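Think of it as A, B, C, D, E and F in the order they're written, each chain with its own count starting at 1.
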Amino acid sequence: MPRPDYMLLTRKVEFSASHVCSNPAWSPAENLRVYGNNSNPNGHGHNYVLEVTLEGVPDPVTGMVFDLRELKEILNQEVVDPMDHRFLNREVPPFDRVIPTTENIAAEIWKRLEGRVVRTNARLRNVRLYETPDLYVDYGG
Amino acid sequence: MPRPDYMLLTRKVEFSASHVCSNPAWSPAENLRVYGNNSNPNGHGHNYVLEVTLEGVPDPVTGMVFDLRELKEILNQEVVDPMDHRFLNREVPPFDRVIPTTENIAAEIWKRLEGRVVRTNARLRNVRLYETPDLYVDYGG
Amino acid sequence: MPRPDYMLLTRKVEFSASHVCSNPAWSPAENLRVYGNNSNPNGHGHNYVLEVTLEGVPDPVTGMVFDLRELKEILNQEVVDPMDHRFLNREVPPFDRVIPTTENIAAEIWKRLEGRVVRTNARLRNVRLYETPDLYVDYGG
Amino acid sequence: MPRPDYMLLTRKVEFSASHVCSNPAWSPAENLRVYGNNSNPNGHGHNYVLEVTLEGVPDPVTGMVFDLRELKEILNQEVVDPMDHRFLNREVPPFDRVIPTTENIAAEIWKRLEGRVVRTNARLRNVRLYETPDLYVDYGG
Amino acid sequence: MPRPDYMLLTRKVEFSASHVCSNPAWSPAENLRVYGNNSNPNGHGHNYVLEVTLEGVPDPVTGMVFDLRELKEILNQEVVDPMDHRFLNREVPPFDRVIPTTENIAAEIWKRLEGRVVRTNARLRNVRLYETPDLYVDYGG
Amino acid sequence: MPRPDYMLLTRKVEFSASHVCSNPAWSPAENLRVYGNNSNPNGHGHNYVLEVTLEGVPDPVTGMVFDLRELKEILNQEVVDPMDHRFLNREVPPFDRVIPTTENIAAEIWKRLEGRVVRTNARLRNVRLYETPDLYVDYGG
């Protein structure tokens, strides 16, 4: 059986944010039915944990899939700096019009990162976002 | 490269149970050889950690793959309520006749859940069961 | 050396909430200087982890310091139900007038619990509150 | 302010066991009322996590409070070997007559260890026993 | 939808080692540019966490994908015994000539294990290596 | 019973380093007997986890025991910057002449911090240092 010809490299970062899940076209009762206490209009918050996975072939000279410091800087620029200590619905587009469910936040993080981490030998493979230690979403995986 | 067209949603629950791994057709010595101290007929126990993963497309209106409260209720009905604080071999069929290895418990949980979580936009994708923090099985992955 | 004559019993619960740390008597610049990005007026959030420790002598008949289900119910009534999925400053007194630093939230939880867990053989000993996995406060310890 | 003149050294080990909490003098209904589902006579189990803390003055020559390999061997002899993969009530005295609540197991572990770890410069200081990640007892602390 | 016809079995082990990432053909400044503080020639260390995943069909009689004690022994022989408490570059070939990036260590562990865990019903599927809790590589996944 | 009049504030940081435990006055065999594989002269490494605890009275105006950003900066200056990615024995005095057991590293960290965190309302209370997740030392506790 041949050996695998690529590797996955995963880096974890955290950010603390608040959000509300509610549809402005619906009544409070309807939002409560669909989103439960996530629909509280004052917002509530989480320590989000993000694991970003790149797929790639290690550079034959350096033995690395991606420069780790560069990856950290990209994650800070695209995710941590704009989202940490923010109320997502009010301060981080597109969550002024896209409901910040864990699914939608993961998809937005994918959009922000996919073009930033493309290299000859590497590309974005998965975005995993934990809302709590007991609940997470994978996009790409 | 096109964006992925589905997401994975994972929810974690825990239950404490005891079990014995031994084949009634074998001698105690043979069971000890195959299952080690798992063959102790008095049973021993674990804090099992279960991660259930659904694959699906987020509903375009709600932005969710699955209703989280409904998922929790299904996991309680099918797994936590019948298995928590139980001696699996004596109290939870089919483990009166199926040896409750981690592999077999994971397969049983798959059977209990697959029909309960099918939706137009979602289905069961993986059952991960930790027997200890250092040992786990994935079924479906 | 004599054996210790009491035990500590600790139970962990979690709640997700948002908060703002800012002093209404100060300018935004002054609040930013003191509280950093915690002063963002829109709020941000955390998955707070609370460990409540009771000190007591195990009941000689039951072998327990405290009824575990009763303890869980008290924690739900006094902390989780009123604080989970809430914006503390706007929805949970006294945080409309007391700045919800981790220190002040821990002290408030102490006040809410001390009278509820007093028994002939037990009393509140410590409240530990994690704001993030890397930062926590102990009150009583 | 003077510097502290002693240190604490803590080592963690794990064991998987099953137990029942019930008083033979009581009816099943009474045991259910006091111990809840812990009273299931078939037993149930946990991955117990034990943290043993010694208090001592580091040896001025070696810079160590206690020989770590010797400590591990003592923990194996006194706790892990006799309790791991066992049904405590049936196989590990005194739990044939002492109800194995977390409190009582911690006290038994203290008794087993206190004489084994006494040195000129060290002694047992605390036994912490986790029944689950959300519930633990300290004895000595 | 048919049920999956195989399972994944994962076992975790840990080892503490030190390493240096630097290319002998390069100047210290060039190595610093590429590897950052990983290029410190004195070495530095990590508690590496290794998760080895086998893919297989549970044996219909035992209900197990692989003998767990045998797997642990193989991991000890091939990874933990030769690498734990070692300076990889100086003591563990091929890291005298292959730069021990996380990627290269994972690939070396794959090579050491792939032939040892092949059975009629099982084979190596993935090697996951954590350098720190925030950074890991998957090979095979 | 009066309420406690102080709080503890704990902040966690990590650093990766390598070390050797051996006494230059002894033979390799004697060092092996005392320190086991920690005496390997090439060194080996760990992801050290440090929890620093301050004792203090929250400032009545800010509601904080200590400025969190200032604390983080002090920990970086005194511990993380000088020790991270270093071979302690060769690069971080006094470990050129003091054997870097976990006990001795914890005491050195205490010395570096005690004068830096003294305030009217706060002082250093405890230094906890994990060498691995299963072994840690407390100094001051």
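Structure notes:
We take it that a residue touches a chain if its C-beta (ideal position, glycine included) is under 8 Å from a C-beta of that chain, and two chains touch if they have at least 3 such contacts.
Model, not experiment: these values are computed from the prediction.
Minimum number of contact steps separating chain D from chain F: 1. Any chain bridging chain C and chain D, meaning touching each of them, is among F; the list is complete. Among the other chains, the CA centroid farthest from that of chain E is the one of C.
Using mean Cα coordinates as chain centres, the one most removed from chain D is A. Interface repeat of A-C: among D-F, C-D or B-D, the matching pair is B-D, sharing over half of the residue-numbered contact pairs. A separation of 27 Å divides the Cα centre of chain A from that of chain E. Taken residue by residue, chain A touches two or more other chains at 133, whereas all remaining positions touch fewer. Two chains count as a pair here when they touch; such pairs are A-B, A-C, A-E, B-D, B-E, C-D, C-F, D-F, E-F. Listed in rising order, the residues of chain E touching chain B in the complex are 1, 3-4, 7-13, 53, 58, 61-65, 67-69.
If you check the complex, the residues on chain D that touch chain B are 14, 16-19, 37-38, 40, 42-47, 84-87, 90-91, 132-133.
Considering their complex, residues 21, 23, 34-36, 98-99, 101-104, 106-107, 110-111, 114, 123, 133-141 of chain B touch chain E.
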